[in-house]
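Each of the two complexes below includes chain A, the first together with chain B, the second together with chain C.
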Partner chain A sequence: MGPGIVRTSAPTRAPHQRFRPGPAPAGATERSSPRRWFSSLYAGEPETCRRAWRPFLINCVHLGLLLAVFHLYQVERRPFQGHALESLAALAMLVLPAHYLAPLRWKKPIFLAVSAAGLLMVAGPAASVVVLAIAAAFIGTCYLPIPWVARASTCAAMAAAIVWARPSLAEAGLPEEVIPIAASMLMFRMILFLYELKHARAPESPVDALSYFFLLPNYCFPHFPVVDYRTMQRGYFADDIHLTQRRGLAMIFRGTVHVLAYRVVYHQMLIPASAVNGIEDLVVFIVCKYLTYLEISGQFHIACGMLHLFGYRLPETHHRYLLASSFTDYWRRINIYWKDFMVRVVFNPVIFRLKRWPTTAALATATAVTFLATWLLHGYQMYWLRGEWGFGATDALFWGTLGVLVAINVQFDARRSMARKAAQNQTHPALGFAIHGAKVAATFATIAVLWSLWYSTSVGAWLDMMGRGLGGSWSFPRLGMLVEMVRRGLHGV
Partner chain B sequence: MVSDRMTRRHWLAILALLAGGMLPDRLLGAGPSRLRASIASGLFNRADAGRIERGYYEQIVHDGRRFEDLCDLPALRRRRKPGGTFAAPVDSAPLVTRVDDIREVILRPSETIERAGIRWATNTRGMRDREYQMEKPARTFRIAMVGDSIAAGWGVEVERRFESILERSWDQRSRDAGGPRVEILDCAVPGHAPGQRWHQLQAVGWPMHPDLVICEATEADIDWDERRLRYLLARGLGFDSPLYREALESAGVAPGWDPGAYRQALRGTTGAILAGAYRAMAADAGSREVPIVWVLIPRVGRPSDPAARASMIRYAHEAGFAGIVDVSNAYEGLDPTRLAVEPDDFHPNAEGHARLARRLDEALSALPELSWLWSPDVHSPRAPGQPGAPRR
Partner chain C sequence: MIPRPQSTATPRLAILHPLLLVGAVLIPWPQEWATARAVMDRLRTPASSTTETEASGRSAGYYVELVEGHGRRSTHHGRSDRTVGFHEAEVIQYLDNDFLLFELKPEAHRTLFGRPFVTNAHGMHDYPVVPEKSEGTFRIAVLGASMDMGWGVRFEETYIHRLQERLNTVDAGKPGRPRRYEVLNFAVAAYSPLQRLEALRRKVMMFEPDLVIYSATTLDIRLMEIHLCDLIRQRVDLKYDFVRKAVASCGLTDDDVRLDDQGMLVNKPTLKRKLRPSYWWLYDQSLSAIAAECRSADVPLAMIIIPRVGPEDAPSARAEPVARLSAMAAHHAIPTLNLSGTFDRDDPSELAVADGDDHPNAVGHERLFEALTQAIAADPRLSQLIPCRTPSKKPDQWPEVSSTNRPKSNL
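Take a look at the complex of A and B:
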């Protein structure tokens, strides 16, 4: 920033720097009494940890009602998977009073114990023991007294050994669920943890590390948000616990609504690709297929909401991604944790290495590398969770096209002058709203079409479907029926 | 920050959801009830259950459904205890047990459990059926039925499934006409693909010397073997099966690949795999001089694909089955919600099984392999227990 230039707004803080725990109140120690042992347990605790029965009980009732909704609507209950979410949410509810009353220094070990119990409940004793052993091997390696490069290489070698031995392990009778569970805990969080170890000024405590890997809701959501280690630790009791819990409950509620909305779309509106025979079918299919992502956003909200109950204040996982007005905006709003992960581990290091390049070239290269990494890591994730590498032409085209669109948008955003922004601000509100609406519609349509490509079995199948849609009937019978229903309704009124 | 106002709104919405979820169907009406059933359903929608491929997130999120997706095993659908979040924990299912051969799973022998009010009892041979003597009794015509979860009677009591209805009806009719007793051995195992059903017959059915084999099929079979093979081959199973040998050779697959690679290699061979399996079944039965009848039955609420149906019938014709019966239109024009065990499920309930039994009875009774049982003037090609001898 040059001389004479005044910053008019505070710089945006990195996600992992947003939530710092507040300082312990001066009078906190005064509450402790040497005569009463239990009082000494709470000595020195921050104000955010203070206990108050009324808001806590309200939050418990709120959680109980959500649990009833889970039960009534069988949220996340699937064939073969039992009702893991209900079980884990019930476990969380049962343990919550003990966790709430426990001194701050006991809370993380309690959370860890609850997570281990959750693992046992969901995976059973045999699989749990193997998962614990795998996790212990990886996390233990991170604490070996050897250089960071050697520790990271050892972890990579162990992962490669598991890939190599996976078919034999299955034949040897290893429970099928072991590798997906262990992978969902370690595959991305280990990368972030190693990154953190490399840059951390002080060693990380084992309890912090274990509570990062053993997250209670992880066992019912194999596809889990990539929670950042530093964000999680800094968000721990960063705000009043009742407010944090209330925020978590709001997230769980929002997630539940997303999951239920997904089911309406999935069961009532989504048509198979083979049934596309006209433009209206095509639009319905493309839009509904894209909206099936509501299930993912719902699961992420529920998972992070559950962590809030134990004092972890975390950022939003998604932010109105259907209303994105550009491709960069979309990338920022959908799966925010993934975006942060990529920015932290890929984009920023690349940009830093290319700091002598012209900005345009550096941004384009960093964006390309980020999307290449995103594509590869999605295949990597598919391998760990399903046992097959997910690299296909449709995946490459999806991520490639999205990467190009975001790269163009990044360049456009970088070149847009302040003057132009100011000029935009002077436009009539109605016109501004219309322009914004058009941008949102265009972004939605483009992403939905790309999504339909990604979800197709092959490029040929997608082209065939698009051909049938565009080459078929251009009438809108469903829309006509809807309009007629509305007209009749209005007429009746 | 979550404001008090927003929290109040959430509470109201939650209470509304709970109230909506608890209202009786008769107060809600048909449309809202159906919508509510959809919201509360964690099952596949009709299109996906009709075997369309799924997208990236659907695959990884629903990995636990993989087993059902691939082989339609409904064993744990009504599990009451939590557990098994990721892959299908078939080992822990009380109903089935894993085996190290191409069948993957079989029903646990001599097991009696109750789930969702339905009793599942297996005999000592691992069939969901009553106990049969190993040696066929004199004056008994024994039929072996191979099939999937519908033939096993998923969701209904054993005596109300179509196989049991047919057994009672044919036995009575035959004895009334002075014929032999009729036994139908139900060798069906939920989740088995056509080829696996045949291996199950070899393990369980052939040792009991059936006089006739009924091979039950649905339109889901069209690519079922191929989808199971992806995982079987990755485990080193299936390469030596005579049912698949021809198709696997032409696909050029080799041991040691992962399921994704097999999937790629087998793409486009689904028809060849099923046709090969049918040929091997008919040849095996022919070599034992046992007639084999192929029957195509419907799944409740699943739209029929005329092309798939025509292909399957053609494969069955070419394979040389003694009889081919297509009753896939048995539920046409009927409300699927009245015939399914639960919304969006394709397994017929008791009414669906009864209707199916009537249609099968009409179609199968006329076949020469069976009609002699209740037509005193007709001589059977094979008398009960004495191959090749006249009936009476």
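Take a look at the complex of A and C:
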């Protein structure tokens, strides 16, 4: 800071440090009154850990109501998967008071114990033992006193061995759910953990590592957000526990609403591809097919919300992705954890290696590599969770097209000058709103069409459906009925 | 400084959100608010798994496959099996140029869903039986499709067999009652109402039934469509005048029924679209023919409406077809037992034979049996014919009926 310049406010925290806990206040080290059988703040605990009955009880009532919603609406209840979410949420509610009252140093072990109990509840004893053994082998390898490259190679070799032996293991009677559950814990988080081990200045504590892999909601959501290790550790009691829990409860509710909205789309609005015989059918099909993603965003919100109950303050998993105004904006809003994972593990290393290249070429190459990795890792994910590689022409076209669109958008964003931004800020609010609306609509339409391609059984089937839609009737009977209903309603009013 | 919660107003307001959702379920919505009730039904109905999705013609997609999975196995119920298609199960034999198109193989012994699937010499998923009825036997013939046949369960576990056991336990041999009851399972998976009519005429009547129970489901219209398309594809004689009339009235062209090199219909979507308006009329005519057939043989006829397991038969989804079925039965003076709400209170995963398969398992058949016996007991005409009381009833409470094999009934 130059002479004569005086800072009038505290500097804002860098984004990657925003969840770092603040300094403990002076009074935090004092023991509370000996009359109470628990302490509101134990010695050495941060202020964020301070206990207070009233807000905690309100949060418990809130969680109880959400449990009632899960039960009444059968949220995430599927044939032959039963009530896994309800069971785990009930378990979380039962254990929450003990976790809340326990000293900070016990909280992670309690969370670990709850997670292990959750695994036992969902997978049963036989499968749980195998899952624990697999996880112990992988996590133990990360702590071997050998070079990082050797540890990473050993993990990769073990994964390859499981791929090779998977059919034989199934024939030998290995419970079928073992590999999907173990994989959902390890397949991406192990990559991030190894990345952390490579770059961390100090060794990671085993309790931190175990609590990173054994996440309670993981067992009812095998397709789980790729939680970042460092973000998770930094977010631990980074904010007042009651606020964190409240934020988590709001996330759970939002996720529930997404799941319920998905049901309305699925049952009420979604039509089969074979029923597309006109432009209105096509629009309905494409939009509804895209909206089926609400189930995933709902699940991710619920999963991360449950982690908040135990003090992990995490970023949003999705942020109004239907309102994205450009392709880069879409990429940043939908599945934010995946974007962060890709940026951290693929995009940034590539950009760093290409730092001598012209910016345009480096950005284009890094974006291309990122989307290639995204495509490959989606197939990898499908293999671990479902046992079959999910590569196909429609996947390649979807990720390829999206990658090209994002790459173009990245270039455009990089070249956009501050002057142009300033000029945009001077436009009339109504005009700015209209432009923004048009951008949102165009992004939505493009992504929805791409999504319909991705979800088609083949490119031929997609072209056939598009042909039937565009070549069929151009009337809008549903829209007419809707207008008529609204008109009658207004007339009635 | 870390912000601390100063007021409890915000969390209290946030509590209102789930409270509203809970309230929306608990409050009784007025009957007239059909749309609101339908939306609530949808909200409370989990989406189908991939197999059902594909069966209904909806493509799945990456995330649906990832989350729902194909033929997913149990994670903690200890039950599992993959959905098995009827035609791939190798329990049927195809009939060339025959209106029935296919029937169950006689003496078939297969294992489906981990359970034996056995048929008798007459191609029935049932005990060995002879057409000749022994003295003092009261025979009930059940016409239906896969739900009734017992897809994925032993024939001893079907609601049909349980009914026979109950009747023989509580009623057979009592004064004025038959010595023995036989409930014969003539149901065949995927049989449309037209095929059930044909089976009645060709097979059932030679077993001299004393009562015919026609089982209907909300899937019957779809089965009708499949049957008609297959008849047209295989160029099989439509046999019944009302079927010929219906197909003729659809205005099919040569192009609509054109086959490709593999013998498949080239323009099947168009064909289906043209046939669709006639399905309910055809169903009505089929039911009329079945009623006429039974009347001419002096055999009482009753209809039951059986639900499928899962969201496809949720109350709002089934309301219209069930109402239509009931109306048609009333039109032909057929007493109807509506069992369509039998599974409403149960978790589908507890009742389905496999993931993605909406057939009831043994527990589902037990539920159907309980619902059926209660419905029979509540129906004055049927209960006179086949008293389905619980064994705890004392014999002196049973009504006196005539000494003939077939109790008098005003059916």
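Here, the second predicted complex is superposed on the first by the 467 of 493 C-alpha atoms of A that agree within 3 Å, B and C clash if a C-alpha of one lies under 4 Å from a C-alpha of the other, contacts with A are read in each partner's own complex, and residues count from 1 in each chain.
We take it that a residue touches a chain if its C-beta (ideal position, glycine included) is under 8 Å from a C-beta of that chain, and two chains touch if they have at least 3 such contacts.
A quick note: this is a predicted structure, and the numbers were derived from the prediction, not measured.
Taken together through their common chain A, the two structures put chain B and chain C in a clash. In the superposed model, A:V264 makes contact with both chain B and chain C.
Judged by the touch definition given at the top, the superposed model places A:E86 against chain B, while chain C stays out of reach. In the overlay built on the shared chain, the residue A:T48 is in contact with chain C alone; chain B does not reach it. Using the contact criterion defined above for the overlaid structures, shared-chain residue A:F352 touches neither chain B nor chain C, since it reaches no partner. Contacts of A:L243 after superposition: both chain B and chain C are touched.
When the two structures are aligned on the shared chain, A:E171 is found in touch with chain B, with no touch to chain C. Of the two partner chains placed by the overlay, neither chain B nor chain C lies in contact with A:F412. Contact with neither chain B nor chain C is seen for A:W148 once the two complexes are overlaid on the shared chain. The residues of chain A shared by its contacts with chain B and with chain C are 62, 65-66, 68-69, 72-74, 76-84, 121-124, 176-177, 223, 243, 246, 249-250, 253, 260, 263-264, 266-268, 270-275, 289, 292-293, 295-296, 299, 378, 381-382, 385-386, 390, 395, 454-455, 457. Within the complex, the chain C residues that touch chain A are 1-5, 8, 10-12, 14-15, 17-19, 21-22, 25-26, 38-39, 42-49, 56-70, 72-80, 269, 310-311, 317, 347-349, 352, 354-356.
Against chain A, the residues of chain B that register as touching in their complex are 1-2, 6-7, 10-11, 13-15, 17-18, 21-22, 35, 38-43, 45, 47-48, 50, 52-68, 74, 76-77, 79, 81-89, 91-92, 234-236, 256, 258-260, 263, 344.
Those residues of chain A whose C-beta lies close enough to touch chain B in the complex are 62, 65-66, 68-69, 72-74, 76-84, 86-87, 121-124, 167, 170-171, 175-177, 180-181, 184, 219-220, 222-223, 243, 246-247, 249-250, 253, 257, 260, 263-264, 266-268, 270-275, 289, 292-293, 295-296, 299, 378, 381-382, 385-390, 395, 454-455, 457.
Within the complex formed with chain C, the residues of chain A that make contact are 22, 25, 47-48, 50, 52, 54-55, 58-59, 61-62, 65-66, 68-69, 72-74, 76-84, 121-124, 176-177, 223, 239-240, 242-243, 246, 249-250, 253, 256, 260, 262-264, 266-268, 270-275, 277, 289, 292-293, 295-296, 299, 378, 381-382, 385-386, 390, 395, 454-457, 461.
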